[in-house]
Amino acid sequence: MELVCPAGTPAALRAAVEAGAQTVYCGFADETNARNFPGLNFDRDEMAAGVAFAHGRGAKVLVAINTFPHAGAEPLWHRAIADAETAGADAVILADIGLLAHAAEHHPGLRRHLSVQAAAANPDVINFYAEAFGVKRVVLPRVLTVDEIAAINREIDVETEVFVFGGLCVMAEGRCSLSSYATGQSPNMNGVCSPASHVAYAEESGGLTARLGGFTIHRTAKGQPAPYPTLCKGCFTSGDQTGHVFEDPVSLDATQLIPALARAGVTALKIEGRQRSRAYVAEVARSFRAAIEAQAAGRPMPKAALAKLSEGQAATTGAYAKTWR
Amino acid sequence: MDLTVGPNLFFWEAATVRAFYEGLTTAPVARVVLGEVVCSKRLPFWQNEIAQAADTLLSAGKAVAITSLALVTLKRERKATAALAEIGLPIEVNDLTALQSLPKGQPFWVGPLINVYNEGTLRWLAARGAVRVCLPPELPLDSIAVLARLGRDLGVSVEVWGHGRLPLAISGRCYHARLHDHAKDSCQFVCGLDPDGRDVETLDGQKFLAVNGVQTLSQSTASMAFQIEALREAGVTSLRMSPQSADFAQICVAYAARIAGTLTAADLAASLIAKVPGGRLSDGFVRGPSGAHWSGTATIGNHHGL
Amino acid sequence: MIKIKSRHPIWPQSALTALAEDKMTNLTLPHLPRPLALAAKAMPLAPLSLLLTRLARQLMRRNPGLQRRLGENARCRFLLDLTDLPFLLLLEPGGATPRVSAISRLRPPAHDTRIAGLTSAFLGMLHGSLDGDALFFSRDLVIEGDTAAGLALRNAIDDAELDLAAELSVMLKPLDPLLACTLPSVERLSGLALHRMDRPAGAPL
């Protein structure tokens, strides 16, 4: 199976390739990609150099242009596709119908992957994207069980890529406006979720309080692991219950499911975390490359060793196990 | 500008559904979207009402469409989605899965849960047969104006979210079941206990969200009371009215009066605050710093942090 | 701890893999050793500020990517609270003349962003051996104030692949032989990362 690793910076791209990633995905430093964070991402020269570095070592580079272009500002997104092609990218990762149509028409030679932000969750809609826009690979949303993934692969001709490690969206990706409801900035429009610019921390009685756009997201007592101030992983009250109504602050680790995912016909395993450091990328890439090689050789999966890198310092297999729902 | 009633997002008993649509026959609404958009498990309990409601509303002179589910994953959901084309009503697509089984050239509507953010997407959908599009509630006024103008050129009617708790997210996980400590597969239909969704507050008691099965809504009810002129100017042809359990037909009458100029924005807002679940309004997605923001001043209850 | 009022916790513990016993989770960061802490205590702040400012300017000059990635955030004042040092550091990367001031803990300066943690956490991040988010999750790193600026600084530094030992030997050229023989032992005895810990990608070793 192919290991697809994140790179938020050229240094992380190099670290990923050196650590064994067969493929790296990254984005331009603007609203065209869904990790539009301060100090992150690639300018045009860095992208070309990154692609050259990867290709020189037999690795591929995918460019994520996976936000939804603003009405009246489509040229920014169209330029990103053209520049990705010029830089030598092996594929672009797109979510928007209009952008897919544009890429298919104007850049027919550039391979198109369907972003997880399109949340294509069944064979019919995947076949729709394949037939209408010539999509060659689909990144599956994090709402499916392993059995459902296997069933999907039996009914489609395109490749599938699934997340195996990192942050976990509990909502169908690309169809969530929780962040913009609280902050005005959304994954779909701005490439950010629960943006740092709208986060405020305060030491209060009861612990460290994180607020997003003025809304209290959680309060962590001293010594407890701190989660990202992500809205869907906040602690809330509903009726007589207080807790993580939507999702616990944990992250995905599907190492043990790699053999099952291989049997389910998955082509590529994806690591989340373009916002993370090169230290994270290198460590996770090394670990998953070893797991993939173990799988290919029929050896058991290595025991989880990445807990300290995980949010909440705990991991879940998420929707891959049906009990999650 | 007219009114379109969206599909009911909540799980109501069949008798409640029947009374609700009967009450709309005399309401000043031009069209109604029927069907289940949130959860396929609810459908068997009330699907027999759909044909009856369609007949009643069509005889009352309303246009009627049927919605697709918002998130299609299971085999029976795919079958149900493919079968929509056989019903004989226009389909409102709320998941692109529905397009795969729709004969090319057959006109369809596009619901607010499809990501129509830009001209390229609107143009592609129009070429595929879209004749009405309700834009995603997240869109700001600038984007609405660009898309409404293009819609006019393409012969596509552009509608925006006019009234109702905002559909902010959809998930594979059921939050209602989770709050009741049930698995989704044995949910016991607990979402039926909350006819307008179940409120979720922050740890500091701020009114924030509402869960509705697998869907997450805003706690506030979005209202375009103060935005009618701006939206008309932008070229919007219809306001989407999303059903709520209390006084819905009356609310439609009030919006119609506001559009006709016989009711002021402030008077409409004041009347709404007493009627909407939770008593709070918002219109920040269209013109404000965040979706939760409200242009008006008339409020009851607390407005922590806003 | 959040108090759960209902009898049943609403999160399914079964879905959680508790990893508390994992050795990596309990990895503890080294505190500054006593001799170094004492030496730091005796250090006069004004000359130290001059030295650090010189170092910062050299870093910014030799790594133009730092300024570019900081962007607008270069104008922010970053209070670096290395909690095992007796003084605070104020980093002002803005404009052509970056500045670092060592300031007494008795007079904390005005700032936009405060980042606090052990010296070993800062040096580990700087040298590519520790992940900033992981340090945040374990609360070994605390960020307050303008968190967006803090993110920009962290990402800029991570991409720059800095090496303090190399920078020091450039800055203190005449002392290079001395540094070459002392730094490794300081590093070994203190447990601090004083040079780049990940292999320089694509560069000869």
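Per-chain numbering from 1; labels A, B and C assigned in written order.
One rule holds in what follows: a residue touches a chain if its C-beta (ideal position, glycine included) is under 8 Å from a C-beta of that chain, and two chains touch if they have at least 3 such contacts.
Bear in mind that the values here come from a model prediction, so they are computed numbers and not experimental data.
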item: Shortest chain-hopping distance from chain A out to chain C; value: 1
item: From chain B, the most remote chain by mean C-alpha position; value: C
item: Most central chain, Cα average position; value: A
item: Chain centre separation (chain A, chain B; CA means) in Å; value: 29
item: Centroid spacing, where centroids are CA-atom means, of chain B and chain C in whole angstrom; value: 49
item: Numbers and ranges of chain C residues touching at least 2 other chains; value: 2, 6, 10
item: Contacts with two or more other chains, residues of chain B listed in rising order; value: 178-179, 203
item: Residues within chain A bordering two or more other chains; value: 218-219, 235, 241-242, 245, 323-324
item: Chain A residues touching chain B - in the complex, by the definition given at the top; value: 68-74, 95-99, 101-102, 119-125, 127-129, 141, 143-144, 148, 151, 170-172, 174-178, 180-184, 186, 188-189, 211, 213-219, 232, 234-239, 241-242, 245-247, 319, 322-325
item: Chain C-facing residues of chain A, complex; value: 8-12, 14-15, 17-18, 37-40, 43, 53, 195-197, 199, 201, 218-221, 223-228, 235, 240-245, 248, 250, 253, 275-280, 282-283, 304-317, 321, 323-324
item: Residue ranges of chain B in contact with chain A within the complex; value: 70-73, 75, 77-78, 81-82, 95-97, 99-101, 113, 115, 117-125, 136-139, 142-143, 146-147, 166, 168-175, 178-179, 183-185, 198-206, 208-209, 211, 216, 218, 284-285, 288-292, 304-306
item: Interfacial residue positions of chain C with respect to chain A in the complex; value: 1-6, 9-12, 14-20, 22, 24-25, 27, 68-71, 73, 124-125, 128-134, 136-139, 143-144, 147-156, 158-161, 198-199, 201-202
